[in-house]
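Both of the next two complexes hold chain A, though its partner changes from chain B to chain C.
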Partner chain A sequence: MNRKSLIDRLLQWETLLAIIFVVVVLINISLSPFYLSLQNQVNLFHLSIEKIIVALVMTLIIINAEIDLSVASIMGLAACVFAFVWDDGFTLGTAISAALLVGALAGAINGFFVAYVGLPSLVVTLAGLIAYRGLARVLVEDRSIGDFPEGFDALGQDPLFGPLTFGIILFFIGLAIMIVVLQRSGFGRKTYVVGNSIEVAEYSGVNAKRLKMILFILSGLVSAIAGILIAARLGAVRGSTAEGFELDIITMVLLGGVSIFGGSGTLTGVGLAILIILNMRNGMSLANVSGNAQTGVIGLLLILSVLVPNLLQWVQTKLNDPRTSGQT
Partner chain B sequence: MNQFWRNIRPEQLRELSLVLIIALAVLFFGSQIENYYHPRTFNRIASSVAILAVVAAGQTLVVIMRNIDLSVGSIVGFTAYFTGRILVNSPEMSPVAAIILAMLMGGGLGVINGLIIAYGNVPAIITTLGTLAIYRAVLVNGANAESIITSALPTWLVDLPRLNAFTFGEIQIRAVVLLALIVVIIFQLAVTFLPWGRRLYAIGSNPHAAEMAGLPVKRTTVSVYAICGALCGIGGFLFLARFGTITVVAAQGMELQVVAAVVVGGVNIFGGSGSLIGALLGTILIATLEQSLLRWRVISEFWRDAVLGLLILLAVTTDSLILKNLRSWWGRSTQTDSPSPATHQAEIEVEIEEVAS
Partner chain C sequence: MFSRQISLISTLLLFSWLVTGCAFLDTDVDVRADQSEENPVVIEEISIDIATDQIDQSNENDRNKITQNVTGDEAFNAVLLPKFMGISVFDKANEGAADAARSLRQPFPAFVGPTSSNSTQGQIEILNDAVTHGYDAVLISNNGGDEISAAAQAATEAGVTVITWDSPIPSAVGESVFVAQVDFDETGLVMAEMAHNILDGRGQIAILSAGRDAANQNAWIAAMETVLINDPKYQELEIVDTAYGNDNFSISYSTAINLANNYPDLDLIMAPTTVGIQAAAQAMQDEGLCQTVKTSGLGLPDEMVPHMIEGCVPQFALWSFNDLGYLAYYLAYHLTVGNIEPEVGETFFAGRLGRFTIEEDPTREQGLRVLMGSFTIYKEQDLLWQ
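Let's turn to the complex of A and B:
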């Protein structure tokens, strides 16, 4: 497979996503007159803001040929640590710092076992998923902790700049930083190189272990920020806060065309995938489709997004040379 | 002594150590919890092992082949619910027909997974992440917000979990536990002795090499997912029998427990090695810990998941650090008759000197 056809396929992927996005928007416009209203457009981001922020850092992790299944549990743990410390009578600043520290620490533990012990990230972060959620439950047990200061809740709920909430602004800042890091910096190039082949990267003098460590710490830290955001948006924290979010987050990244085997994928694709998923969910909600059916449709979309290009390629090779297609 | 070590494979050593850890855990909780050594404790652990072990057996086959099935929880919930629905509507159906029905339903869902993965070339993790959501959505929509309730089910099914296969001193072996054991033993024999089973290891060790060698990789993939689905069907049937009341969220999140059991049982997540007995031991260890921590007064029951996560990490770390060395040492010491690596090294040095001169 030469370089050109690979680029062609990548182009195809993002074109495909863009076409799906336009179709989704058109269907939504025909479904409801309220869809295009500014309030609905802001809401659509606002309701999933924590997931899409974590999806940004998950993109880096998957390009690096790893996976982090524990993000939702770290979100929950950070939210619980925040609520626990606040409930104990400490200041807001202390509570937020404690939550961020725990998030980074949880990421560092993942990173240590993946990078330095050399265990598969699927297993390490599966253990993390179970253990960090368990720790969150140990802290909060079956209570629900709320009563955060009004200013804190407002930060998660009310518009800060024009119609945009703090979380949405944070997402766009994060997106801008990630684009620069991934497309313009040495760190970003190394992420791709290690994702392509860790051996080649290490022979080329890239410190792959440190890179993986940094990425997992970053993932834990960003998840903790998202956890604090969800505490502010909902105004209360329980042991099950953010449970099951990892599936949505990973779906966004994979639908965006990031290869599960690492080494390829762009933030443009992930951005488009986020837009598609948010708009599809929004449209289905406007059409009174239940939450579970929505998740099912998105699952179907995930499979089709890989299946359809594969089938198209297969048809194309059959059509192009019907005689030699058997001997590649 | 050397002879002994050479005749025992590192994988068997690992299973032996799991048995030891389970024994230690039982002794520990026995000293901590009053009335721990009671047939009821055994039964409680055994009946929670039964469901998980059957599903873990299917997952093990998939993982040995370097794949993964994240949709098992949804398949178990799906088959539990719809088998229950059918039994409510036609209570005269025989037990054997009901279990076959559940297996066919699960097998069908598994075939869909397998076809997409093998012939659609979609990575297993993406496919089963998708079907995890899809099967659950179909279940929720098909259920119309109605639950299965115990009182509507035929009495033979409600009594099934307490049905004894045979009594062994004071300990009663339940029929469902026997069923799970039979499933595990059948598939352990299949992967050890059947060509189909050996193919799983070959494909898991190196899919490309297996394809080059002419093994029917695609067909085997579909068959393994079909079997995994059918075993989830049995799991669903047992789930229905044990809990009676089935809502649309039944068995949600079970995939994590199952993958955890398989990994603790020493099945390599990258394929090519592991056994069903190991996965069964992993399941037993996890179920023992879960049931015992519930009754241990020293720490709150909320510690359960935190301990479980730690256990998985511990199991995989020891596997990676200790067994890797053991395995290579075992490989060297069984290759030739020259007993120790040291003399072998000396021979090589002599050869090198000869070539050099």
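Let's turn to the complex of A and C:
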């Protein structure tokens, strides 16, 4: 009994992610003497902070058996709305509120079509990806808007607490909240149940539509926060800001072992996947591996993340099969 | 029991494959990078090895010493950061920078770039990592606008020399000096003049540019428009449209065909990008339109000569990207070593290219530049001579 649970535990996705993570760290240490420096470790989070913040809420969306492809476009749109309003002479507070409002609204539009009209989220959010990006481009045209107040830029660029920037602190607070919500609250349990089977969920009195609506609004709102963060980090915004981020975000979540069919996955896994991807990219970058090769490696990793869980399941069924275990 | 062990081992094997797979990918890239360096002389390779050893040791002692006091003995480590990888002009710039490194007896610059889909964010990451890595200088061809400023500023504050080449940081914040390949206003004039020659002074022109955001492309197009409006010589030349091919061959190819279809009276496609001009020339050639719609712009001789022979591209212009990389490397070296300061009037010697002076950049509100030189215009007539 003991031995079996040990094997089961070893075959768990999170354990394997942890092993990969350790291996990546060891390789990085051998590749570069600068890898372990505190500045580099902070940088590693700082440079991708917007993506990993959005990955948290994407985890909930995918567990709920939906997907949101429009997150990066909402990030861009929110950043552009923020810059546009600020550029028009309004206060910083107004600009930030406008950006957050637009983000939540964009999420609500996605949510309405998915939850209440019943269209597949893949289609709805693909349309969102194109439309919100288009809006952002219309808003700022070919310009780049910058010259934000210094305090605002500093919030995105300079350390706030010890070596940690505001964004990094926000990420860890978000992670803690999401872990509590997903693994300790009724809302989290409902998210899993709806993700597993929407019929079963509705039959047992869960308001699946409202749940989906809330998730998409949350996704839009968090994307807008990430958009404002990227505006602060770069100090300038243009129509193409955050373009293409959605694939990196979804990669992190899927590698974390969240099933693309919904119903299963943990934030521990996603957290480990984030650590692996960030460290891997950082290591390759320090070793001067070009962007094209980096993309290839991350792609390979994602393919494995889809293949291996299925393989593991097959192995586990074999192990638990009474015919084979009876022989031991 | 036996089957359990086998399954466990095979799973672990799969992961070791993943890990070693990544390691192999790394070495693959390294090997290719080494081969592209045109087999340096053996003696120089040795000196490079020694130089790298030195910087490793001195890193542990004191990094500042190197940046303040690099002599011929101490290594100058630079990163050449192109807009993105896989574009031949940037490879040529890298060859030029490697030439400069060879003549200065320095280690070859690292040539690292993002993918085209991730260019702005990727450039920022590479710039940040270059600081972490302890490089002395970063030589950037900026693909975005001012988004890279904050990272460039941080790098400068950390003691890294940041210069731009090919495409500057518009606000010049975070950038020390920009190495301009040609005067941006002259580009407009050269394009107008080529159009004038090809069309005998009269006709419709469509512009096929790279990306909407590319600072250098936009400046050249604006300069050309200004020339056409202000100089009566060009009054019968008309720009009917400006389209974008994102420096992607297939997008540029179909954009060129769309232009020819949308404007039946179109006489010339002017592409101020080496990818765009090649795609447009190929498209017109494939469509059999070369006699009615000519192509011109900025192109690489190797790529354009076949189209010139077919009569599709009567004239095109370009500067040497090899020289551009070479000059950028020399400038970064002299700035880092402390031979010159980033100030107007400072002069420096750049090997085979001669002497250059830092001046104010007239094409931007603020910023310094070093102007490399003027265009080479390639004409059909010259080709027949050869």
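Following the convention adopted for this analysis, the second predicted complex is superposed on the first by the 296 of 328 C-alpha atoms of A that agree within 3 Å, B and C clash if a C-alpha of one lies under 4 Å from a C-alpha of the other, contacts with A are read in each partner's own complex, and residues count from 1 in each chain.
The rule is short, and it goes like this: a residue touches a chain if its C-beta (ideal position, glycine included) is under 8 Å from a C-beta of that chain, and two chains touch if they have at least 3 such contacts.
On a predicted model such as this, the values are computed, not experimentally measured, just so you know.
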Combined model on chain A where chain B meets chain C, clash or fit: clash
Partner touching more residues of chain A, whether chain B or chain C: C
Chain B versus chain C as contact partner of A:119, first or second or both or neither: first
Touching partner for A:144 - first (chain B), second (chain C), both, neither: second
First, second, both or neither for A:311, with chain B first and chain C second: both
Partner chain(s) touched by A:297 [first = chain B, second = chain C, both, neither]: both
First, second, both or neither for A:127, with chain B first and chain C second: first
Partner chain(s) touched by A:33 [first = chain B, second = chain C, both, neither]: second
Touched partner set for A:254, first chain B, second chain C, both or neither: first
Overlap of the chain B and chain C footprints on chain A, listed as residue numbers: 239, 244, 290, 292-293, 295-297, 300, 311
For the chain A and chain B complex, residues of the former touching the latter: 113, 117-120, 122-124, 126-135, 137-138, 141, 239, 244, 247, 250-251, 254, 260-261, 290, 292-300, 302-303, 306-307, 310-311
Parts of chain A lying in touch with chain C, wherever the complex brings them together: 7, 10-11, 16, 19-20, 23, 27, 32-34, 37, 39-40, 43, 47, 142, 144, 146, 153, 157, 233-241, 243-245, 280-282, 284-293, 295-297, 300-301, 304, 308, 311-312, 315, 318-319, 324, 327-328
Residue ranges of chain C touching chain A (in the complex, touch as defined): 1, 3-4, 7-8, 11, 14-15, 18-19, 21-23, 25-26, 28-29, 56, 59, 79, 84-86, 110-115, 117-118, 120-122, 124-126, 128-129, 132-134, 144-150, 154, 170-171, 212-213, 218
Contact footprint of chain A on chain B as seen in their complex: 68, 116, 120-123, 125-127, 129-134, 136-138, 140-141, 248, 253, 256, 259-260, 263, 269-270, 300, 302-310, 312-313, 316-317, 320-321
